Amino acid sequence: MAGVVLQVVLVGLGSPLLVGVMRQVRARLEGRAGAGIWQPWRDLRKLMRRQPITPAGTGWMFRAAPLLLPGTALVVASVVPLVTTASPLDGVADLFAVTALLTLGSVALALAGLDTGTAFGGMGASREVTVLALVEPTILLSVFALSVPAGSTNLGDIVTAAAEHPLSLISPVSLLAAVALVIVSIAETGRIPVDNPATHLELTMIHEAMTLEYAGLDLALIEWASAMRLSLLLGLLAGLFAPWGIATAGAGPLALLVAAVVIALKVTVLGGLLAASEVFMAKLRLFRIPELLAGSFLMALLAVAASYFLA
Amino acid sequence: MTEAIYVQLLYLACGAFLLTGVLVLWRRDLSAIIRLFALQGLALGALILVLAAYQRDLALALVGVGVGGLRAGLLPYVMRRALAAAGAHRETRPLVNAATSLLVAAVLAMLAYAISRPLTQLAPGPTIRAVPVALTVLLVGFFVLVTRRRALSQVVGFLLMDNAITATAFLTTSGVPLVVELGVSLDVLLAVLVLYTLTDRIRASFGGTDLDELRELHD
Amino acid sequence: MTASLVTAPIVVPLLSAAGYAVFGWNRRTAWLGAVAAAGLLVGAALLAAGTRGGAVLAALGLLRADALSAYMLIVIGVVALPAMLAGPAYLAAEAAAGHVSPAAARRYGMLTQMFLAAMALAVLAANLGLVWVAVEATTIVTAFLVGHRHTREATEAAWKYVVICSVGIGLALLGVVLVYFAALHAGLSEAQGLDLAMLTERATGLDPGVTRLAVLLLVLGFGTKAGLAPMHAWLPDAHSQAPAPVSALMSGVLLSVAFYAILRVKVIADQALGPDFARVLLVVAALGSLAVAAALLLAQRDYKRLLAYSSIEHMGLLALGAAVGDALALAAVLLHVLGHGLAKSVLFLGAGHIQHAVGSSRISALGGLLARAPLLGGTFGLGLLALLGLPPFSLFASELGIARAGFPSGLGWAVVVAFTLMLVIVAAVGRHARLMLLGPAPAVAAEPGIRVPRAVAGSLVAALAVCVLLGVTTAPLDGLLRSAAAIATGAAP
């Protein structure tokens, strides 16, 4: 129980920091001073003080999305094995449930974007759903491929099995699944080369187009949720492919603390790598994104196939 | 080498073999495609070396070095020469776009699995279980050959098929007899040289290596 | 003595190729190719006598000659001789037109000889893997021969030829690998795993599942080289663009050599899987090829392509005969191979001269050929009649044999379909032949008459004469045909 609380707190408080670190890495690599790693928190604090306004004519969907998005992210944060594999919500720590929860958040935001009735909102929603349609099956398939050796779709069991047999991590299954998951994580969190979180260019934006009409507390919630989703997916990657240091059931408080430090380190390193690679990459043209995602889908499918053939 | 590590390394080589094969479908840049092909040659060489190390067979190891050298060194070198001469560096207008090709590759993987059922049933074992991987690359190579419009891409498709057949030979039987192996390697090398020369001639007489230009002969 | 005879058909053309490499192509070496072809033919005849007592091994067991190999060697020799005799005239004409440099002529001499050697190796190899290597070698050697003229069309034909054939033959290689896999699991040693004789002997122990896949791939792969549908697309292009003597060789024997490989595979397949599997494959290929040929012959506008499609037709017929698969059918198939080789070489060599004289390979460019050049027109016309299977040519006898064997074997329906398609082909080719041969000489015939060198004319007439002779009696070949057919049915080892 303590582990889960620690995990949720870590994700909730640490996610904006992760975004700050990534921006700072980018800034330094690009030769700028950067705003410091606390800037996302300062932004959130500023937004929270402002009054949320809703455009005229929008319905309940527009108001529900800023609650659903962080809500689902927090539930996922409580079940995904980041700090500990022993979650009291163990039954929900199923891979399908986690994927469905993440999708629920994305769909809510897409519907909210449509609800505004503006051109940008609808465009962003349609692009988001296009990406989503290829991302979700890929996540499902690649984690499913990893679940075959463990014999269970429970994320905790998968991570435990991987930690017990580290040799199985250098197999084609995890190689292919890792490639697929990295690509879809980038797409899902709206990073380069799929989407650029730093611009509001109407030709290319996906995620930002849907949040244009939000202000104040609502915007803060959405930004916070996006940061959490990013750290959750990076944490999931770290847990699945480098499962060392994660506390198992019945671990003492010290082990939990160590695990928390380890996961924070792993996610920070991953985030730093991601930010560094973004500096050297150009954004893909929109019509080539399905190509990239189809590629990752194929990798995931091959991973599933390989987990059966080569088992 | 213990059984577990052997199987692990073998499958890792197979995974790299498959990954490079599939990525060829993705890239349009011809020099990247050649690089992928060279990497695949390395994976194939590594695969044979793993087999040789497990069976403690020096001759097989030498064959592995030879196959790796041919497919990761010599053939890519010839193709890079052809590319430098050809001047066209991108695969333009493939008949099937990259996204669809990748999805087709997924179907081909399933097909390869279905085709290799009789083999896995005859002799279940770690090497035979990897045969679908080789057959997937075979089908992907065939697909590249059929849908790409650049002379060099077609050559890569042909060579992917050939790599896959070689991989199958080593996975199923640790290789065909040496005489045949020599003949096969020589034939492949010569076929590539012939195609290299013909690419040259196509460029000389058609002014490019776009095979869509080849439509003098039809009924 | 017999052992060295086995290697002779490979070594003699190779020596001759070396001769061209050293001395180049000149007036003295021009006839070297024909001498080598004659040597090959004599060697084949001696080998036919030498294998009467059974198979002969040579070269550490890598080569093996039995009646079937000897017969195929005779076919190679019989077709190669007129083709090689026509070579000097062809090159002289090309040189006069300024198409051929001395280097190209030297390459032509070398490659044609290596081509003969590769075909001889294919029929003499004792090992399925070696058969594969030899068949692929023929592709590589002939690639430059097809592209010999360096025109756009020739380059395109050569590209298609190499790509399609290499892919097809690649599939056959996979088949070879699978056969080897099945053989090792049937308890054969590594040295015997691809040996044709051992495979045939122990075929019943091969795993049916794997063997089925292997046979499918082998038939598809070698079928590509044999020009069987659905992998025939390269054939009309390559055969119409290659130099006439090379077209004669490719159409007349190379296809049959590839078909020989299918026959060998079929023997193994019949033992391992029962006769039905190979039969279904071959009937599909046969009817497909005949249908393709019939469809594309109807509106054909190019006489060299017409001949090429006719080769597809005849390969289809061979496949049908092999599908029937009893001793009579296979004897007919083998006789048909020889008859087709003779008729096709006459036609392609004639077509080469016609093309040189007229400057076009379009049917509409001809007309009144009989009036313009009686000898050439006559042999061309007779060759077409032979090809259509009219008596007294041997193709009539062999087609009749296939049909007669087909009905009792339960493939009567396929024979009926095949002969209906052949009726269409007869009508189509007949119409084209009338356009080309008959009628008055066109007004523009002020051009000098089409002259055919004596050596070529002699060989054309001789080839037709042999074809007629075989149609009247097969007596000189009876024994050989019978033992070769016995091997191809699997009745004799």
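Quick notes
Labels for the chains are A, B and C, by order of writing; each one numbers its residues from 1.
In the analysis below, contacts are C-beta pairs under 8 Å (C-beta built on N, C-alpha and C of every residue); 3 or more make two chains touch, one makes a residue touch a chain.
Because the structure is predicted, anything quoted here is derived from the model rather than measured.
If touching chains are joined by edges, the resulting network of the protein chains shown is an open path. With centres taken as mean CA coordinates, the chain nearest to the overall protein centre is B.
Measuring from the averaged C-alpha position of chain B to that of chain C gives a distance of 31 Å. For this pair, chain A with chain C, the centres built from the Cα atoms lie 65 Å apart.
The mean-CA centres of chain A and chain B are about 36 angstrom from one another, to the nearest whole unit. Residues of chain C touching chain B in their complex: 62, 127, 129-130, 132-133, 136-137, 139-140, 143-144, 147, 150-153, 155-160, 162-163, 166-167, 170, 173-174, 176-178, 180-182, 184-185, 190-191, 193-194, 207, 209-210, 212-213, 236-237, 240-241, 296, 299-300, 305. Looking at the complex, you find that chain B touches chain C at residues 115, 117-119, 121-123, 138, 142, 145, 151, 154, 158, 161-162, 165, 168-169, 172-173, 176-177, 179-180, 183-184, 186-187, 190-191, 194-195, 197-198, 201-202, 205-206, 211, 214-217, 219. Residues 4-5, 8, 11-12, 14-16, 18-19, 22-23, 26, 97-100, 102-103, 105-106, 109-110, 113, 129-130, 132-133, 136 of chain B are the ones touching chain A in the complex. The part of chain A that touches chain B in the complex is made up of residues 167-168, 170-173, 175-176, 179, 290-291, 294-295, 297-299, 301-302, 305-306, 309-311.
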